[in-house]
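Okay, so chain A shows up in both of these, paired with chain B first and chain C after.
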Partner chain A sequence: MKRLILLMLFLVIGPVARALAASPDEIIQKSQAAFFYPGADFKARVMMKLISPGGQERVREMTMLRLNTGEAGGEQKYFMYFFQPAEVKDMTFMVFKYPAKDDDRWLFVPAINMVRRIAMQDKQASFVGSDFTYEDVSGRDLGDDVHELAREEVLNGRECFVVKSTPKADSAGYGSKLSWIDKASFLPLQEEYHDRAGSTVRVFTADEVKEVKGFPTITKRTMKNLQSGHRTEVSYVSQDYNVGLEDSLFSERFLRQPPKKWIE
Partner chain B sequence: MGKKSLVGLSVEYPKTVVFLSVLLAMLFLTQFPKMTTDTNPKNMLPATSAVRVGNDGVEKTFGLYEDMIVLGVTHDQGVVNPGTLARIKRITQEIVLIPGVAARDVASFTTIDNVTMAEGALRVAPLMTEVPDDEAGLAQLRRALAENPLFINRIISPDGKTTAIYIPLEKGASGKEVADRLREIVRNEAGEERYAIAGDPVARDTFGAEMFKLMGMFAPMAGMIMFAVAFFMFKSLFLSMAIMAPAMIIIICSMGLIIGLGYPVHIMSSMSPVFLMAIATDSIHIFNEFYFRFHESGEKKAAILDTMRAVGKPLIYTDITTAVGFASLMLANIIPVKVFGFGVAFGTMLLLLLSFTLVPALLTFIRVDKIKRVTASEDHGTSKTTSLLMGLSRIGSRRPRATLLLGGLLVLVAVFGVSRIHVSNNLVEWFKTGSEIRMADRVLNQALGGTSLAYVVASAKEDDFMKNPAALRYIEGLQRHLETLPMVGKTFSVVDYVKRINLVLHDNDPKFDVVPETREEVGQYLFLFAMSAKPSDLDNVVDYPFRQANIWVQMKTWDAQAMRRVIAAMDEYAKGHPMPIELKPAGIAYFNLVWNDEVLWDMVKGFLAALVIVFIILMVNFRSFKWALISYVPLLFTILLLYGVIGFAGKDFDMPISVLSCLSLGMAVDFAIHFVGRFRLRRAEVACGESLADSLAWTAARPGKGIMRNALLFAGAFSVMLFAPLTPYITVGAFIVSMMLLSALMTIIYLPALITLMQGWLLKGENCSGD
Partner chain C sequence: MLIPRPWRLAWLAASLLLNAEVCEAALDLHGFVQGNYGLDTASANPDGRDSKLAEERIQLKLEADQGPLRLFVKTDLAWDHLDDQEDLELREGTIDYTAAAWDCKIGRQMVTWGLGDLVFINDVFPKDYEAFFRGQPLEYMKKGVDGVKVGLYPDFASFEIIAIPLFTANHFPDAKRFWLYDPMPGVSTRRTIEPGASLDNTEVAGRIYRDIAGFDASLYGYRGFFRQPAMQPEPAAAPARLTLWYPELAVYGASLQGSALHGVISLEAGYYDSRDDGDGDDPMIPNRQARFLVGYQRQFWEDFTVGLQYYGERMLDYGNYAATLPPGMPAEDRLHDLISVRLTQLLRHQTVKLSLFTFRGLASGDYLVNPEVKYNFTDQVWGALGANIFGGGEPWSQFGQLDRNDSIYLQVRYEF
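Let's turn to the complex of A and B:
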């Protein structure tokens, strides 16, 4: 009898618990933690190829440093040092990311030896001319969208949640987003951005996932703009977690003269 | 001989002939369901033509669009006020949802990027994201608009009263459909703003669509008028129908043939029904002569055979010359022009066949009693028309020198007029002055930099060359040089972005409103700009490897001449400023220039070829160089006078007029062929029993009446076009109406004058020419 009750309880609670585990907000939250916040810090040498519809390429090569200064979903600091294109060598870019408020951004222009703060209200602006937006690089606030679980399906052999996120504000650059989130790693394996009329505008794909220090990491990714035919391919030449970045690195002084050991 | 037996057979078995003719028409009619249409005048140049391939390349390299619509918004107190700004925002939001609009590159207050320095921070962001709700915000927006040279004349007029939204179209989208949707959107906005919708795709696609509609309307209307005029002339319902029958058959067959061969019905071939209907009026000479003959003999079959014997030869030659006029268009490079020429030439030759078969067959069905009554008036000694025609011919034959002198003077004046002809093709001007499209274009061109867009592409031989300060200064110089042209209202290029960033980074110190000194500065400024601007901002002005730069040139007129001058100025600058950079024109305005030249010169080429061939045909017809020359005179005279008038009237020599040249050639010579042919026949018949003046008077009264009837019928059919809402139709209508009347008059007055004056030379063969 006791067993039967337990079994019945299990039968009733099981699905409920599974549903709870699969709450769309939670999925997105876990996904953001896995995608943008793994480790205490992160360092990567990034190759970015901007490819025109005609197949012409522009290359951006940089070192990207990230330090988590808060919880997953909280504050972060980013530092970027550019190697390519040739005439922007030594240019650096720093972002203090705050949830629910505009980020602070600074840029060092070596040709005129000047650091400038950069005001940026539009997080959906293109990141260094690529098909990625600033938001794609550093994440979007969880509460900016209404998330719903559209379905669960297998993508390229991986079990995925398919979550539909609809921006609450109509100032967003798109109408809705569908994310295929790997049930195991919680990394987004594919994303589709739809315009308000419902047609797909941009498609993100995770092309290579590697485990780095125990963190599943997307080391190759592509963002394709279906309307313009333009696409951007990003690959990590090298990457590492918990390298011991210090908060003092993220300052105007180092923006002008970044320590070699962190950028090479 | 063959043709006589053809007529004989047709008179013998009229029912079979009618049956076969209807069968033929039915056969071609079966092709109609396959009809496809193409209303885009752009497709007159094939997709493989150099200019289209070149433009496609430039569009791909710089992420540009073939077509752009401009929506102007005007408020008399200035557009920077909360109400108007809210409307601009709302309208822009709706525009990006229109199918066919390239939403991501719509340029409006809310989407165009601005580079500013505010509170110590560099800001690259859309000019206006939210409508400012206080006076401070409005003042700031006003300042932002006024201080950025990238905006003035582009999205804001210098007086601040007009703004524009630039709406690029995806490939294949219809400018008319988007424009119609835009009209709906702005109609829903109550307010004091005025809106103007302009741009080449609006004019082009509206014109194409309107043209089809008009043709569908005018062809039946012209037919009805012809029917009514014919009825008025012959007072017989049956005869009027007999005149229309060949016209209907050749229209069906020639359209059926074009469709059957798989060609889409293009705006050009959509004109062929009206042309064929007009050409079919040639069969009126048969009816005209038949009335005389029947009146004289009273015997139907004999009258038919006699009629065909008399008018047969002129008919053959008039139809051949007309067909040649149109077939000459087949020398054109442009396929729709070729198809049009081929279709009409085919229809004309078919008409010739019908004139010897169907028309005589139909005549046999006429009831003798009825025809006797109506032909009673066809005695050329009595009727008013006849005496008028004879009188006209006597002006020429009595005072040949004075008549010719007057003609000579007219020709001189006409030649002067022709020399003033301005060759141009301005699509927007194909609409009437008061039309919405014309007004919109005028308003926007007065307020802003211009609705006509061209590009100048600067190409270097190595990558990254465009980051070179020297290259940028070269481009800047070119922009200033092009801007000295009065019709160039605005230019912009990558230089404007670089200068803007230089200025803003240095806290708006005017010293830095220049191209920076080093390549690093240029590269870093552009990188900085690209970090936050829309990718297309930079893509539109430089290519990926920075080897090419694209300079936008806005012009205030669609006149092809403006583009020609831009190219001349561009070449001049290149010559004066040596630099390893090659400059090339592109864009829709450049396309229009090439289109204009190609279409126009194809027509002129066809016209010149037809001039020669028609002369040869005349020589074959008359077996005489002298008579060919004489019958050429009314043709040349008519064409010269008409073009003289066009020159004086300041009307542009454009596409519709050049098409008419070919038509006019084939038609204007017809009357002279009839006149000379019948005159010589008359001289042979009467031998020396009639004075020259009397023979001329007889010719003027008898075939001359046919000529007059033909001219009136033709002119009547085309006069409907005078009421069209598109100017090319009015031009075509006016041109043809005056051409028919003029060449009829020329034939009846000037041929007698010439023949009288040159009788010694012309009539040498006649034994009694001495008396």
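Let's turn to the complex of A and C:
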């Protein structure tokens, strides 16, 4: 009985207390949980458009599968199957993401039926040539930055925390990041990457947010490089959570021959 | 009007496809059209031409599936301007069945095992070295095998077993197009004997693999034949005739690959048991060998990757080999080893790829240098311009014998 009362107290007071005294680290932690970790697993058909300043478009179309193998902020497994462009059709790519060490990555090259590990330690490298980095796709370690609450303001009618994150290491590709985090969903609605001199280099915008199985989900997003004028637009053609992905899917066997039911 | 045979086949295939497409929804057709041309830069070919490659090619990839069954056909139709002929080739053609804990693939299939980058220990499957040396895309270095593959996937490890009843030899550079070292230039009567299709001659290859402490570990076994022919001069004293044949081979090996030292480390080894030359006293048949490979791959900055390899082949019955080698034949070293370096830089949103691959024999001193620039003009069209430069070492060394065969090549492909 005592426990029940305590639990009820916690349930009532918890959200109030959190909203009142959310530390910047907690905001970012919750934001990461809402952005990169919702559900036990996730499946999306992703359409990515790489658009040059001159307007030339290149398309990357893939199915992305994610399985959380740890808690929010912890280990995850990613599986990607490429439909487009034709040159990489049937190619698959698998990442085991570890928060505290280098990820493991495997690539399957269908033309010669070869599975290889690939060396790609740089999480800030471009993802398939787009303006998004690997970190933008699968998250950045919470402890890599110092987070501070810059201000709170309304962005496009949504109440937001504005958090400034400064990388602890010089190796980061940018000087600092400013994130507009929706107070209700904890999704980042806008992010600005600044160089060390303070000028804005890249801008992320969440262009469409939908509720999917109770999880607020960014279904359209854009990353624009202000220096080059190049931008990448990503939209989910379809998406779903808790689809029942099994750990055994993330294996060499299925890299070579991905099951239709998971990639279509 | 007479229609050439490949055209008739292509027409037949196309009409079958179109009909199939109407009644079967789960059908997928892709492929490419490609132009591929080379130009000699060191000297003309032995046949007097100044190119080793001039062709257009169409590849069609057809995929259909119905429940656990899947059909896959990859077929090439090429127009070779040097030999002035059409060539229809089934690159792959398989039917496979997938169950929860096992699968099975029947037909012509591409099998790639092992960790080497252009060096092969446990990848005992056929290669086309001419395709690589004359500047065709890398996928043409691999040839399919005709056989049956079964995969078993219990929880503790994965198993692959392949039975290959029909032997496929490696394809080596053609003496019309390539200057090559010939140990017996005076003997022009030659014949080639391939292992016939029989139960005894069926090649068997197996692989067991699993994760061990974050490393990908594999064990391999193979029982079959060398894919590079041995030469048998007859009569031995004053050869008038050469027989090229494929001695029996068994290979037992292992490999390990994982993240270490901020990159990827690869280790692979194999024991080559030359079953027709168990004591190593027939110098015309390959000696028993130990082969080994150490590789390291690392990304130093965004889109720039370095791959390094050390590869060695060590003869295990060298004494008997050296004692029985006929006078006048060049003696191979006990240890043949080489290093390779691959540098890759991607630029402009990964649409430009600059790469440089080099081999260098450590004791032999011969080398291969392969620089290449590739550009994706659009999502459908790419072009690559590269060169193969050979030299160094003795005239019979692996790359030294190719010294006069330097060329530049162009690949242009439209994919759909």
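Points to keep in mind about this one:
Simple rule for what comes next: the second predicted complex is superposed on the first by the 244 of 264 C-alpha atoms of A that agree within 3 Å, B and C clash if a C-alpha of one lies under 4 Å from a C-alpha of the other, contacts with A are read in each partner's own complex, and residues count from 1 in each chain.
Keep in mind that, in the parts below, a residue touches a chain if its C-beta (ideal position, glycine included) is under 8 Å from a C-beta of that chain, and two chains touch if they have at least 3 such contacts.
Quick caveat, the model's predicted, so the values are computed rather than measured.
Overlay on chain A: chain B and chain C clash in the combined arrangement. When both complexes are overlaid on chain A, the residue A:252 reaches chain C alone and has no touch with chain B.
Using the contact criterion defined above for the overlaid structures, shared-chain residue A:260 touches chain C, although it does not reach chain B.
In the superposed model, A:197 lies in contact with chain B only, and not with chain C. By the touch criterion defined above, A:129 reaches both chain B and chain C. Once the two complexes are overlaid on the shared chain, A:87 sits against chain B and chain C alike. In the superposition on chain A, A:102 contacts chain C only, with no contact to chain B. Once the two structures sit on top of each other via chain A, chain B runs into chain C at 343-351, and not at any other stretch of 73-81, 325-333, 343-351 or 397-405. On chain A, the surface patch touched by chain B in one complex and by chain C in the other comprises residues 50, 52, 56, 58, 85-87, 111-112, 114, 116-122, 125-126, 128-130, 230. Across the interface of their complex, chain C is touched by residues 50, 52, 56, 58-59, 84-87, 89, 101-102, 104, 111-114, 116-122, 124-126, 128-130, 173, 230, 248, 251-253, 257, 259-260 of chain A.
Those residues of chain A whose C-beta lies close enough to touch chain B in the complex are 50, 52-54, 56-58, 82, 85-88, 91, 93, 107, 109-112, 114, 116-122, 125-131, 171, 195-197, 227-228, 230. On the side of chain B, the complex with chain A involves touching residues 60-61, 63, 97, 102-104, 118-126, 129, 464, 467, 505, 516, 518-525, 527-528, 530-536, 538-539, 543-545.
Within the complex, the chain C residues that touch chain A are 30, 32, 65, 96, 98, 103, 109-112, 115, 138-139, 141-142, 151, 153, 158, 209, 214, 216, 257-259, 262-264, 297-299, 301-303, 305, 346, 349-351, 376, 378-380, 382, 415-416.
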